[in-house]
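Across the two complexes that follow, subunit A remains constant while its partner is subunit B and subsequently subunit C.
This part shows the complex of A and B:
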């Protein structure tokens, strides 16, 4: 660590290098911390978590009972023992609460005045965070599985919505209407994701085992479909040609730079794709247990090298190396299935929520004091004591 | 705790890793030979006498995952061996992810041994010549067979009859190992029996050394070690390191 600091100070190393090395070290030492806790408000499982992008201070959670809670993650008390308090909730007593389970929540990417939630009661509501009343509401024909707003969009304010209908709907926040439909899938849309690199690129995953990449500016269909065999038609059985997975595709996540896309499917596999060409990079993560009938929400670390993927697997969260595919560790702590996890990039913390109504915070372990320093201290003290006072120089100083 | 310390030490030993990387590059050159020697080791576990020597030694690709930790590099080296024409890969049919590996020379020798004296010998030889040096496909469709390989319909029928091709769909065929039907049957039965042994143990877990020493029941025709590599590589059991060795724990949710 001192070597890194010295190299940065003298300019031998790029400033990013120290930051990346320390971030990676912190992610590798994630652990349940008995000092950090999150308020337990939900009475039923937690389906989705989202941490706002601007400050990383507020976290939204949506539960199976339709309740939405906002937490303050920052520790302003001077004590290490801290419970992330729930600042406000849209509880069951509110007039505007969702009738059924909330599947996805997302903060408005540009400020925390607004957030959007979608639920199995076939609606998507745009909430004002001050008054906790919906500013707008979109009705759909089927259960809404997921929605996503582009985190970098400046030219448009579209929300992509995936429902039971095979058509992907695009809703415009500025006008309040559903302006666009993307046709091409043949099954329910379980996950949608905008690219963090290009504001017009959208990826959608569906129960027909296909993942499609769209450019919303184009009038015609999708740009391409992800093929797990990279066009090698001989490997698949004839029905499985041109599919991303051998089962339903229920999770999508872009890496932070937008160059790669991760998909998970009910065939217990996770695949890493080059998002520009749609090529399967063939990184083998092994069996990633996936039994979710709805979308699976997983996340990728940011600012580390090598990057890590955090995937909920049963009742624990599995951490894989992104490009190597090896299983680094399993984070165990939940009592029941884990449904969602979210990575806090500034503090390298992971928040995970599941059916046991708990949100657990995984915090990096603090660095232990170096054992070497203590040893050298005792050694120095030892040699000083060993010098016979008769031979000790009275006229020269010991320390330079 | 020691595992955690090892994780942290890795990132900050970047300098040490750089020096070690030179020795590691030596290893990656040998990576392919490393995989080849693992495949040869696994082939020694295959019981030839069971099939009266009609079948070449068959190894499954996921058995290699139990010997090497990095699955991606195993996949890459297997593909390299296939490109070189040393190894052939087959889709077995009972699992979309289970691939069988056979050395090309063994395959050719066995096929010719089977076909010797039959009328289909010529067709089989022609097919093998087209297949072994160049083509690394798992399945063939009609266009390819007729136009690229210049086979006639009757020749394709002969190949299916002698077991070199298996029907996949109307107009397309999987590459297959002749007489592999019995192999697949015994394999699936043996795998189920070994998994039941693990499941019936106390707490559904058993020491790996203990499992390998158990007597094989009538259902299990292959060697125990062959099946143990299979269930570990296919993630049907979880491997846990303990002070007494590796423990295999049955994973729920298998179909």
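This part shows the complex of A and C:
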């Protein structure tokens, strides 16, 4: 640490290097911290989380009961103990609340005054974050599984919507109309993602176990389909050609730089693809338990030197090295299946929501002061024990 | 880390968890704690051991393991960290948070485990919840998601409560339906019931005029206790004549007479009252006259009240079979559901009045005639014997004392002891004696029939005969004319001996053999053959007689089917059975299971030594004839492979004792889960659902199907399916 600081001071290192090192360290030390709580508002499972990118302060959550909550993540109290408060809620009593489970929520990428939510009640609503009233509402024919707005788009304001219908719908927020459909899939669309690198590139995942990459400017069809065998026909059975997984594909995530794409499927696999060529990089993540029938929201870290993937895996969150495929750790804390997790890039915190109605904040452990003095060490131990007597062993003497 | 210590720890954990006891053995637990205290690595090991044991599908193992967890949890921080990291699984295994992963049997232990686990988690949360985030999360999870009520002593989970609620709801719905039905029924039926009630009340009132005040509760009670009427009035006929109801008169006089006769010993004790006796014909001033008025209040069916009695009878049947159960069911439903008072009151009132009427009816003791008798009698009414029928009251069962004047009507001779009553100085002339001149065969037959009747235990004559025999050997000294009595008895006896032969002779239908009794049958067994059937042409020899031996034997002999008396078998087979008891079969000669029945003692051993020897020999022979599929070696192998008991262990002791240790249970202290499955249902299932029987059933059903197809094969309709 000191070495990094010194190198940074003397200008030997790239400015990002210290930052990367520290954020990597912090990600590696993520754990459940009892100083950080998130208000329990949801009375039902939490399906989706989203943290806005402008201030990194507000977090949206959508629950299976149709409730949408906005949390304030910033701790202004100057105390380590902090409970993330729910600023406002679209509760069941609200007139505009979604009737059924909210599947996806997303902040408008350029402003916190608006967010979009989609639900199993076949609607997608565009909300005014100030008044908590829907500014616009899109009706669809089937359950809406997912939607996504491009995080970088300047030239368009399209929302890609995946529904029960195999056609991907594109809704234009400017006109408030559905302007385009993308045809090609043969099953329900479980996940859609815009590339964070090219604003017209869209990836969609479907129950027909295919993942397609689209250029929305091109009307004729998808650019290409991801193939788990990289075109090696001998390995693939006839019907498994051009499939990304052997089961439903229910999760999509671009890396922060947009060069790679991660997919998860119900075949308990996670795959990393080169998003430019559609090539399977064949990173082996091992078994990633995935029984979700709906979309799975997982995330990658940002700004670390080896990047990490956080993927819900049963009742815990698995942390993998992105390119190594190595399982770093399992974050255990939920008591039921985890459905979504969201990484906070500024604080290297992870928020996860699950069916047990909890939103858990995984906070990096603070670095212990580097003291090699024996005396202070024992003293510190003493003080810690004094602070928290519960950590002390309590062997009674009668066992002798 | 010391390997021996590790092994010891493993052994201790296993011993403790498989003890099957509700509490841990403190000494062993102390040792475990001592080992765990040494180092965290032991705790690691201990943790893994415990988690393995918690995963066992046996509630007792889990309970013990949980108790150990509780002991160590409060002591070691390292253990707490380990456990809390995997707290979710721990809760699944102990609190049953996952509905698809229920706690294993036995049930009561599982319930105990859950209760204990919930209480413990609560106390852990109180102590350590601050420090261990996941623990408090788990607590909240239990509390808010699983809705475990920590105050609830029964510690029911949400699912359980829901189930209970549903059950409650269902019950309520059923009750409501019942209630509605009952209400509706009540509305419909009440008027009918009330009508019946009034009708019945009126009938009863008509039958027994209410002077008795019978149906007043307390007066009825006073009447039912025998009213001892100790009046100095010499004659109580006045009282009796006061009896308003003419129907009862006859009965009462009967009563009086019997009373008198039973009181005769009293009379004898006052001999100095001769004057009174002479003047009144009564023996005493003081009669102890018992009047069982209420108990004997009997209404007999006569012609004038026949209609009434019929109605009462019908109504009674209606009330007992229909209305009362109905009303009772209403009351039951109402009490269960809890309805408005008014309805309830009405129902109970109805019930009460119904019961009251029934009670009244009981007081009446109505003597119903047999319906058949009534029908029979109707056309004969005008005939000569009608006076016999009209006056004779029905008797229910036998009466020890039969009034003198009725004796002949009963077809009995007068018992000598009763015939001595002073009031009736009629010379005792037994009917039998005068009726049986020994030569007269028709009369002897009558006599015989009477004897037959006496033989028949259902006949009144038989009981009387028994009585008579009892009375003979004990002639009372107080009887004045003992000589006549003895004469009667002696004549009786002579009659008996005379009749003995004829009594023994069988009665058989008349036949040819009797017709020619003691003579030679001339045509016995002779057949006349007619060789030609021609009308005019007559053969030379007119007829030909052929003697048939068989036929002649048939003519002379007579078949008498022997119907011997059924003698119930009194011995039992008593052969010892595998379950320790003795065979209870009562076959006459041979038990289908144990062969010829031989005398055995109470332990089932044969009494005769030669029987024992024979049995022994047979047994040995049977053992040798053991079919080869029951070869004990083979059976043991099959058992080891399938895990089912085929009974090789009891294969006649020839098998080695080697497999005894193998079959012994691994943990004898634990409740055997498999044993529980041995219910009547499972046994039946084994029989019904085993392969061969299923195959048989399917075969039969296939055959039936086939037959149908064959039958209608030529019909397009059936040919298709």
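Please note the rule applied: the second predicted complex is superposed on the first by the 371 of 400 C-alpha atoms of A that agree within 3 Å, B and C clash if a C-alpha of one lies under 4 Å from a C-alpha of the other, contacts with A are read in each partner's own complex, and residues count from 1 in each chain.
The definition used in the following text is that contacts are C-beta pairs under 8 Å (C-beta built on N, C-alpha and C of every residue); 3 or more make two chains touch, one makes a residue touch a chain.
From a predicted model like this one, the values you see are computed outputs, not experimental measurements.
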{"item": "Subunit B versus subunit C as contact partner of A:336, first or second or both or neither", "value": "second"}
{"item": "First, second, both or neither for A:33, with subunit B first and subunit C second", "value": "second"}
{"item": "Contacts of A:360 with subunit B and subunit C, given as first, second, both or neither", "value": "second"}
{"item": "Which partner, subunit B or subunit C, touches more subunit A residues", "value": "B"}
{"item": "Those residues of subunit A which subunit B touches in one complex and subunit C touches in the other", "value": "none"}
{"item": "Residues on subunit C engaged by subunit A in the complex (per definition of touch)", "value": "30, 33-34, 37, 74-78, 85-86, 88, 91, 97, 127-128, 130-134, 136-138, 140-141, 144-145"}
{"item": "List of subunit B residues in touch with subunit A within their complex", "value": "3-4, 7-8, 10-12, 14-15, 65, 69-72, 74-76, 91, 96-97, 137-141, 168-169, 172, 234-235, 253"}
{"item": "Residue ranges of subunit A touching subunit C (in the complex, touch as defined)", "value": "32-34, 40, 315, 332-336, 356-358, 360, 388, 390-396, 398-400"}
{"item": "Subunit B partner contacts - residues on subunit A that touch it in the complex", "value": "1, 3-4, 21, 24-25, 28-29, 232-238, 240, 246, 267, 282-287, 289, 291, 324-326, 328-329, 365"}
